[in-house]
Amino acid sequence: MLAISKLGKHFGGLSVLEDVSFDVPAGGIFGLIGPNGAGKTTVFNLITGLLKPSAGNISFEGRDLAGLAPHSVTRLGIARTFQNIRIFKEMTLLENVMIGMHQHLAYGPVALFLNSPACRAAEAEARQRALELLSWVRLDHRAEMLADNLSYGDQRKLEFARALATKPRLLLLDEPVAGMNPAEKTVLMEEIRNICQRGFGVFLIEHDMRFVMGLCDRVAVLNFGRIIAEGSPDEIRNNPDVIEAYLGREDEGQAS
Amino acid sequence: MSFPRKTLFLAAAAMLAGGALAADIKIGVAEALSGGAAQYGVAIRNGFQVAADEINAKGGVNGNKIQLVIEDEQGKKEEAINVFKKLIFQDKVLMIFGPTLSNSMFAAGPVANGAKIVAFGTSNTAGGITDIGPYIFRNSVMESDVLPVTVATAVKHYGIKKVAVIYGNDDAFTKSGYDVFKKVLADQKLAVTSTETYVKGDVDFKAQLTKIKAGEPDAVVCSCLAEEAANIMLQSRSLGIKAPFIGGNGFNSPKLFEISRLAGEGTFVGSPWSNVNPAPVNVNFVNAYKQKYNADPNQFAAQAYDALHIAAMALKSVKLSGNLEAARQALRDALPKVSISGATGPFKFRPAVTKDGKPGGFDADQTPFIYIVQGGKFTLYTGKK
Amino acid sequence: MEWLDNYWSTYNTLVYSIGVHALLALSIWLTLACGLLSLANAAFMGIGAYVSALLSLQAGWPFAAVLAAAGVVPALVALIIGIPTLRLSGVYLAMATLAFGEVVRIIVLNLEITGGPEGLNGIPQSTQGWHILAILAFTIYGLARLRRSRVGRAFESIREDDVAASLMGIDVARHKLFAFVLGATIAGVAGGLNAHFTFFISPREYGFENAVDILTMAILGGIGSLVGPMRGATILTLLPELLRFLHEFRGVFNGIVLVLVVLFLPKGLWEPRRIKALFARGGRA
Amino acid sequence: MLSQQLLNALTLGSVYALFALGFTLVFGVLAVINLSHGAVFMVGSYAALFLVTRFEMPLWLALLAAMAVSGMLGLLIDVLILKPLRARNAPHLIPMIATIGVAITLSSSAQGIFGAEILRFPEGTIPAGEFIIGDVHVRAIEIGIVGIAFTLMAVLFLAIRRTQLGRALRAIAESPKAASLLGINVEGLFHGTSFVAAALGGAAGVLIGLDFNAITPLMGQPILHKGIAVIILGGMGDIRGALIAGMFLGFAEVMSKAYLSSQLGDAVAFGLLFLILLVRPSGMFGRVLERKA
């Protein structure tokens, strides 16, 4: 579904990614793991067009993403969330989700100005759909609330709903459980499984091993800007390179 | 923070000054009392005040005292319109003096003209002002009347063959002065070595002056306001330019030579007024102004002073019957006949010749005095070297 | 009814000014709604004013066509300069638009046809009260529709976080350009209306100070709603009249008001949502 | 003529650089475009003028006092206005708008107190010395301005590059949050920077008031616009850039007046500003400095 080949990125003289290649298959949950600073978020930024690759290419469903602006990437069917949640805090939950539907709401300026039936119907339908998406993450009862008033965990869920509103075929989740307690993590894991079962492909990056291993069907490991392993969670768990490069330190990280 | 108290105090003082006189003849004064044009507007208001005090101290006009209704038009055109309308329709004044800038007159003049009430400019020198209509008067002398005489006199005095020109190109006053200079220089067949410009707020003129110096002109013609002119003179001397200056109306400020000191020696200026004009009426005015405001008057104050006297003269023949429209019209009809000898010398009106042949307003008909600056002071030019 | 006539004769220009200022404040509201601080609106107003005045004076166009041109020409200019300029953000955009405004002013100052610093006078007084009212109503209705639509939501999302907005499939550059161009159109029409009731225009009316005045109106009234900019325009237009007694110190008051509003009323004088939120959150602003 | 024009450009460039120094310092450290800098500059000029004329204070003392006055004003602006806005985490345009309000307040107050008239320092406040080298005329005050501009630049530049204080300031410029985690007294340095920047602005006001004899309530406005051009051309917050850009703008302006047309002076300045912003938003010499919150 998403094919990344020989991807490289450097800032000035500093090389962040080098020769990164992997495929995200359609359906299922794909995980990219690696310690902090390994370049995981850079991969997402390259996919979504926020950064331009220095080398290699990325294609989605056979289409080259090179040179596409972020909004065009989204329109092809890729949505993402952010590690440091970026919801629109001064808008209501409903408005947040409706933003995601922007590209699917087609009405012209004249229809808008005249408040034509078609326009009203489109808006009403979008509203319905937004409420439905909010109900998926169990936030529909707060639809008219300002997003700023949500708890941290709920803000993440709102971000999911908003991303789903773009009707993606692939959902990129950037460290979805960062900053959450174990109980919240379990809830969120459920949400992600639900999303996957509704037919969305999920590609997440994470450094919480336990979370990834329990959730993903397939995992790739990134260390110092290179892929050092790829396979099923079991294969990864037993890969000596991974253990040496990553797991050892991960335990310390978990303890802190 | 002592602002509020001080503000209130000033406000109260200003209100007292404006409204305490129990008077019969209401005359509107719309001048820029704040903003960039305030430096003229305040002097103009003071000039009116001096004249009003003088007239009222002598018992007013036919026993009726003059009450000035003073409003700040901020030097903005919308404000000028608003103030004019307030004075015309709310305060029901007999006539209006102002506004300060020609620009504002272009905006507010049509309002007065439409309402058939006199708008009397004392500081509007731009061409076309009196084209607005038959209710527009001014006693500010147009540059086109003054500059030919100034230039001719200076040419004769110094034997000038070629001149350099500098003017402010973003200001209506200095730009229209330049247009007149340009025509005068062409008419008098003087070669122009270079023409330089600056914009309002500039303080460094050395680049332009260095260029002027390279052309070795016999004189520098300068259509500038006083604040820039002083600097231009000082900087030209420090660059080694020795040529004398020929100035327009903007030079007509004692302030200019106070700042430029001896840099302005030998400058020729033509003007309806100077603080050294020895006529008793002028000496009276200068003394009264100094006493009231503890400052030297300038040309703007002098013209305002004369303007109110002109209006008072006209008012003598106007019957104040209580019919405002009739009184306004009578004043309008009486004004053109007035001739006085004021602080700015003998004065009378001249019907304006408009471009499209419609009846226009009235311009000043005055012979300018030509002054030469000597020892940092205006000296009446007598023709003797 | 004579007093009423007098009242109207005295204050109609003031009322017209309120209408025109409201249009200007709404024009800058559009860009502010996208989180863009553009100081070019005074210049667009000037372009509209000059284009319309010249068409009236020299070509003798009917007023409706003149007004249309006053909107179209600034829009085209905005389109041309917007494409490269709107890539800038924050203060850089503010400075670039400020520089653009200065360049426009200097060009107008040095052209023969615009009358240079002496400006243009004798512009016919074609603007009627109902023109302003109708255009203002049309603008408000249009903007209100816009605000409640996908475009309005997109503007707001761009203002809050343009990266997140672009990843929601919103073409950020196009929306910004749209807001900029539409703002220029409204400002241009406002300029055309203004030129045709003040008889006279000159370059000094469209400089930096005026750009700041327009901005102040919008900020003072609050940009959280459409009523905000209009409220700000009304207050700031009336204030000088009401503060006449302050004389020379009127400017001091204006400045202090601006500072106080920014400090204590970050959303403008009245922001229903904020006040509601204030109660909802038990006083935590 | 060329040598005189080069000298003219050098002095004009120094004037711009001198003004831009405090302006860019505030931007670099506080990340605020302080549009009241022009008004503070004007206050410095009036303060010195007042002290020299009213109390016949010697010029050097009046200069120091004027710096103190404008410095205190800058500190006051920071404490009363910018600090609450920082505390609120207001978007970066908000402080800029607030400083516009400050500028209006200050210049209107000056006009109310001192009047709109143009004022100058009494004659003889500075030695009227003049040097003539061939065709080139130089005045003592011009040498003073050029010298002071370069000296202050050098001192500030070295202070920021070489001292502990400078390192702290650079850390703040990079990220105030991180700096405070490192134990740097961020608020204190904000106040200090505001004081120093305003004092420098005041000093520039005095020097330029002395040179050009044109002290008015609105004198800060035109130079503020040029100052904006300078700090953007030089890269905001870049001390060395301010000097280079000031010089560049001075030369561009003088040379376009000298060899093209004097009508073009300002058009060149703002046209350049506009173009440079489009091509290199970070300035001619600066690098893109995305500030981390």
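The first chain written gets the first letter, and so on, giving A, B, C and D; residue counts start at 1 in each chain.
Keep this in mind: contacts are C-beta pairs under 8 Å (C-beta built on N, C-alpha and C of every residue); 3 or more make two chains touch, one makes a residue touch a chain.
As the structure is a prediction and not an experimental result, all values here were calculated from the model.
Ranked by how close its mean Cα position lies to the mean of all protein Cα atoms, the top chain is C.
Across A-C and C-D, it is C-D that has more C-beta pairs touching.
Centroids built from CA atoms put chain C at 40 Å from chain A. Work out the mean CA point of chain A and of chain D, and you get 47 Å between them.
Separation between the centroids of chain C and chain D, computed from CA atoms only, is 30 Å. Computed from the mean C-alpha positions, the centre of chain B lies at a distance of 35 Å from the centre of chain C. In chain B, the residues that touch at least two other chains are 3, 10, 34, 38, 169, 199. In chain D, the residues touching two or more other chains are 108-109, 111-112, 221, 263, 266.
Multi-chain contact residues of chain A (touching two or more other chains): none found. The chain pairs satisfying the stated touch condition come to A-C, B-C, B-D, C-D.
Across the complex, chain B meets chain D through its residues 3, 10, 34, 36, 38-39, 42, 169, 196-204, 206-208, 210-211, 213-214, 226-228, 230-231, 234, 238-240, 255, 259, 261. Here chain B touches chain C in the complex through residues 3, 6-7, 10-11, 14-15, 33-35, 38, 71-72, 74, 76-79, 81-82, 85-86, 88-90, 102-103, 106-107, 109-111, 115, 126, 128, 131, 168-172, 174-176, 199, going by the rule given at the top. Listing the residues of chain D that touch chain C in their complex gives 33, 81, 84-85, 88, 90, 92-94, 96-98, 100-109, 111-112, 221, 225, 228-229, 232, 236, 263, 266-267, 270-271, 273-274, 277-278, 281.
Residues of chain A that touch chain C in their complex: 48, 50, 69-71, 73-75, 79-80, 82, 86-91, 95, 98-103, 105, 107, 112-113, 115, 119, 123, 146, 149, 162, 165-166. Residues of chain C touching chain D in their complex: 37, 84-85, 87-88, 90-92, 94-96, 98-100, 102-103, 106-107, 110, 208, 212, 215-216, 219, 248-252, 254-259, 262-263, 266.
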